[in-house]
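For reference, the structure I am asking about is given below.
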Amino acid sequence: MPPTATLLVSCPDQPGLVAKFANFIYANGGNIIHADQHTDFSAGLFLTRIEWQLDGFNLPKDIIGAAFGAIAQPLNAQWQLHFSDEVPRIALWVSKQDHCLLDLMWRQQAGELRAEIPLILSNHEKLGAIAQQFNIDFHHIPITPDTKPQQEAQQLQLLQDYNISLVVLAKYMQVLSADFIQQFPTVINIHHSFLPAFAGANPYQRAYERGVKIIGATAHYVTQDLDQGPIIEQDVVRVSHRDQVPDLIRKGKDLERMVLARAVRLHLHNRVLVYGNRTVVFA
Amino acid sequence: MPPTATLLVSCPDQPGLVAKFANFIYANGGNIIHADQHTDFSAGLFLTRIEWQLDGFNLPKDIIGAAFGAIAQPLNAQWQLHFSDEVPRIALWVSKQDHCLLDLMWRQQAGELRAEIPLILSNHEKLGAIAQQFNIDFHHIPITPDTKPQQEAQQLQLLQDYNISLVVLAKYMQVLSADFIQQFPTVINIHHSFLPAFAGANPYQRAYERGVKIIGATAHYVTQDLDQGPIIEQDVVRVSHRDQVPDLIRKGKDLERMVLARAVRLHLHNRVLVYGNRTVVFA
Amino acid sequence: MPPTATLLVSCPDQPGLVAKFANFIYANGGNIIHADQHTDFSAGLFLTRIEWQLDGFNLPKDIIGAAFGAIAQPLNAQWQLHFSDEVPRIALWVSKQDHCLLDLMWRQQAGELRAEIPLILSNHEKLGAIAQQFNIDFHHIPITPDTKPQQEAQQLQLLQDYNISLVVLAKYMQVLSADFIQQFPTVINIHHSFLPAFAGANPYQRAYERGVKIIGATAHYVTQDLDQGPIIEQDVVRVSHRDQVPDLIRKGKDLERMVLARAVRLHLHNRVLVYGNRTVVFA
Amino acid sequence: MPPTATLLVSCPDQPGLVAKFANFIYANGGNIIHADQHTDFSAGLFLTRIEWQLDGFNLPKDIIGAAFGAIAQPLNAQWQLHFSDEVPRIALWVSKQDHCLLDLMWRQQAGELRAEIPLILSNHEKLGAIAQQFNIDFHHIPITPDTKPQQEAQQLQLLQDYNISLVVLAKYMQVLSADFIQQFPTVINIHHSFLPAFAGANPYQRAYERGVKIIGATAHYVTQDLDQGPIIEQDVVRVSHRDQVPDLIRKGKDLERMVLARAVRLHLHNRVLVYGNRTVVFA
């Protein structure tokens, strides 16, 4: 794939936005390969994703942002610009379960995830061997209520040192503080239930007790409210009376890794736009 | 299909139960065409469904219950006995929406539901024309907080008059009182969400606000706790950011009628056994 | 919903197409409410759907086509223009099974399908009563190998008389001739299998014999090759060893009406673009 | 879990079978923890799975088979007896793709598959490193049309040497000869399509060309007819016009590993009974 640029834009709705943005690309010699838009009429908001080929584009990469900014500013637009040849660096955070970690590592090696994974963080030592096997730096940062503030400071430092732009909580069984999220807001979590059902602890146990016939998993951006952030992707699987809690856990693990992997991939391909507590997924 | 008898039994687990029940059938010349069982080890409970052909069975129908009772009593078993040639009579309760009502009527006419439907009850007049079209008695019983007790008394009277054994709330937008449920406990409801998510009012609106990527519907037996009864069947459908509340409602209506119809059919074929707040579905 | 215009365009890919089309709308005062596009790089084809509000649009409706044609012609574009306030008229063709017919009629009355249904055609008399109940003209046109040519001539005449723009084969168990399709090419069929599996006759019987664990249904445009036309929508449902052929048929009927209804709705909302033997579904 | 014995039985249907088999267990002091049955009326066949706890069972393990054989023989029954504390040994056969291999290895290490995996066979060298990483013997046996007979002889010898009872073709891109299957009939394959659609080569390419909206994967026992064996499990995923062949391959890989893993687990838990070209899955 030749390199592309992608704009994610949200702004108050008004006539001519599609034309304005498309003209910007065309006037500079770009060929759009993907354009999608969504209008939320109740919010009065226009949201779009435009991807075009950099080959033949007249503006050098380091000018594109400023040039588009001149268009976006009078529209009160919020926007992000991404280049497909600038590979994002992600940190995987884990506790003791390895299924999401292994799955993401395998996908990265198989070329499914356009990202580098230079860093694995854990509040336990257990999965250090997997990090070693994949030749990735592993930092063991145990958390207690007392040490949480200073440990989060260390975590933030590591994210900075490793130039990380996305944290993936791949079954990291700790809650991030509001302060942490404020300083590093781009965090994807996998919750092992079909949110908003069974938010919080022990979702499989509670799903069993409620006698549900379907269980789910939810990947979402982390916000200061536990399990309340914008949902990126969900999926479900049928269960029956024969499924005890360990069966729900086993079936759920497959859901968790699929749903998390899809969400991470959508994010890395710049296909997710958050507004309010919702996402537009330009899939 | 030649006529069959079906036993639904639950009792404390102990060795020999399968043999005991199978021997009862065999010793009396019956041919089992379906036998399924489930053991809930944590509850120490054995649950089974056995269906056998009445042709060639030595016991007359009106003796079978007493004969099985003699076996069941020392086992502390709870049991139900059903005959496929005794067609249950169900009442459909509706408010203003017709999709579940029509769907159930179509299925009944197509032979999918082994039941007679002699009675439609509604707190509104709107769907009376449909009842008339299908030649079914329609009773309009409006409900206000003040009139609820006497209206429920009238409803109970009608259920008795019409010899109803199952009430199906096919989008009946009123809550039944605890007293009603105690007097007539066999009621199936369709809730327009994936319970326990969005229990209570306006589930589609709340699903939209939460930004879920999947919506669901849940058919359950009604208990005194609103939307908390044993779940019989659930199903889901994907939605996206393009789906506004009316789209969720439209997609949800298809879910509602499918899920309710499946639950009613399972019940009518005596495939659902309730214990605690759970169901075993011998599907 | 205020009235909108929708363009469906396919043309050889080249830079600037999004801008050209968006400028056409914007320059004439239109507000785009939906724009989606797809580029098939291997086919070198650009395909797009653009919908905008007619309120405030400077061109009168009867000029829009000519004006856009001037833009489309040098691009070698194929295009269709639709207005949401010009309600298409569809004919439902049936044989003896009523489930798809009833389902579509119900949806039309519920406002889910933006269409008029003035005509039901059948090669059997059986469903005439349903047509009567909905107050729709019913024409019984029996087909034998000998009479097929003249009967198809009569069918075509009726489509013309009733000003029909879409034929929906709602379980019409006859094959249309190549000649018919050439004269009236806009026909949607529901096939009761997950195509290309079990094309042709008796798909449920053959699915049972093959021992599949999932069955499906497929809605597609009809072409001269039986069951080979462009697929609009498919869906599936799980089956098990307990499901005999009548169970597959029963479960399949639910699939058929859902899948057909979704396909018809997508078509009526001008969300389907055919190229080669494929569809782009701008959902 | 305390150890259990499992009987899988199929025999001509007649009254009293459930009682006979249950009595055999009960008379010898066994406690049944799972019993399920299926009657195929058209085939006149009764099929059952019975699992009971060995603790407290009066017959020693090496006598059970003979004792049950005495019951089975006059019934013309075919039967298998399995003990949960005798862990089967499986061989994984692969070519160049690693996703199914890794997935099965992860599951085995996570305790999801009750099996030992002492042997990996491949017609390519590529995946030897994975075998080494998991400390499993890897045999590279390249196949050409000329060498196939002698190479299959070597493969059969290895299966015998390693005491293998199940071969799993985890993306093994070679066809086994009829002769091989006759000598070693217990082979599970994953086919990367929703069989019977796209049997044979290049299913994703052909699915793309046909323009399907859903793709699937199928796990089945291998027979002498390519892709025609009894189906154990299938699953599907939605695709759209945006999905090119590489996208179908990527999405399909997730399906393949899920479907294969489920089928292998069902087989290892003795939940699959083959008759004719069909399976009963006692799930």
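We just call them A, B, C and D in the order they show up, numbering each chain from 1.
Here is the rule we use: a contact is a pair of C-beta atoms (placed from the backbone, for glycine too) under 8 Å apart; a residue touches a chain by one contact, two chains touch by 3 or more.
A quick note: this is a predicted structure, and the numbers were derived from the prediction, not measured.
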Through what angle, between 0 and 180°, must chain A be rotated so its C-alpha atoms fit those of chain B, rounded to a multiple of 5?
180
Please name the chain that ends up farthest from chain B once chain centres are defined by their CA atoms averaged.
A
For chain C versus chain D, what separation do you get between their C-alpha means, in angstrom?
42
Report, in whole Å, the distance between the mean C-alpha point of chain B and the mean C-alpha point of chain D.
37
What parts of chain C, by residue number, touch at least two of the other chains?
242, 283
Would you mind writing out the residues of chain B in touch with chain A in their complex?
38, 40, 42, 194-198, 209-214, 216, 230-236, 240-242, 244, 277-281, 283
Enumerate the contact residues on chain D facing chain A in the complex.
98-99, 102, 106, 110, 112, 133, 242, 250, 254, 258, 283
Which residues of chain D touch chain B in their complex?
14-19, 22-23, 25-27, 29-37, 39, 41, 56
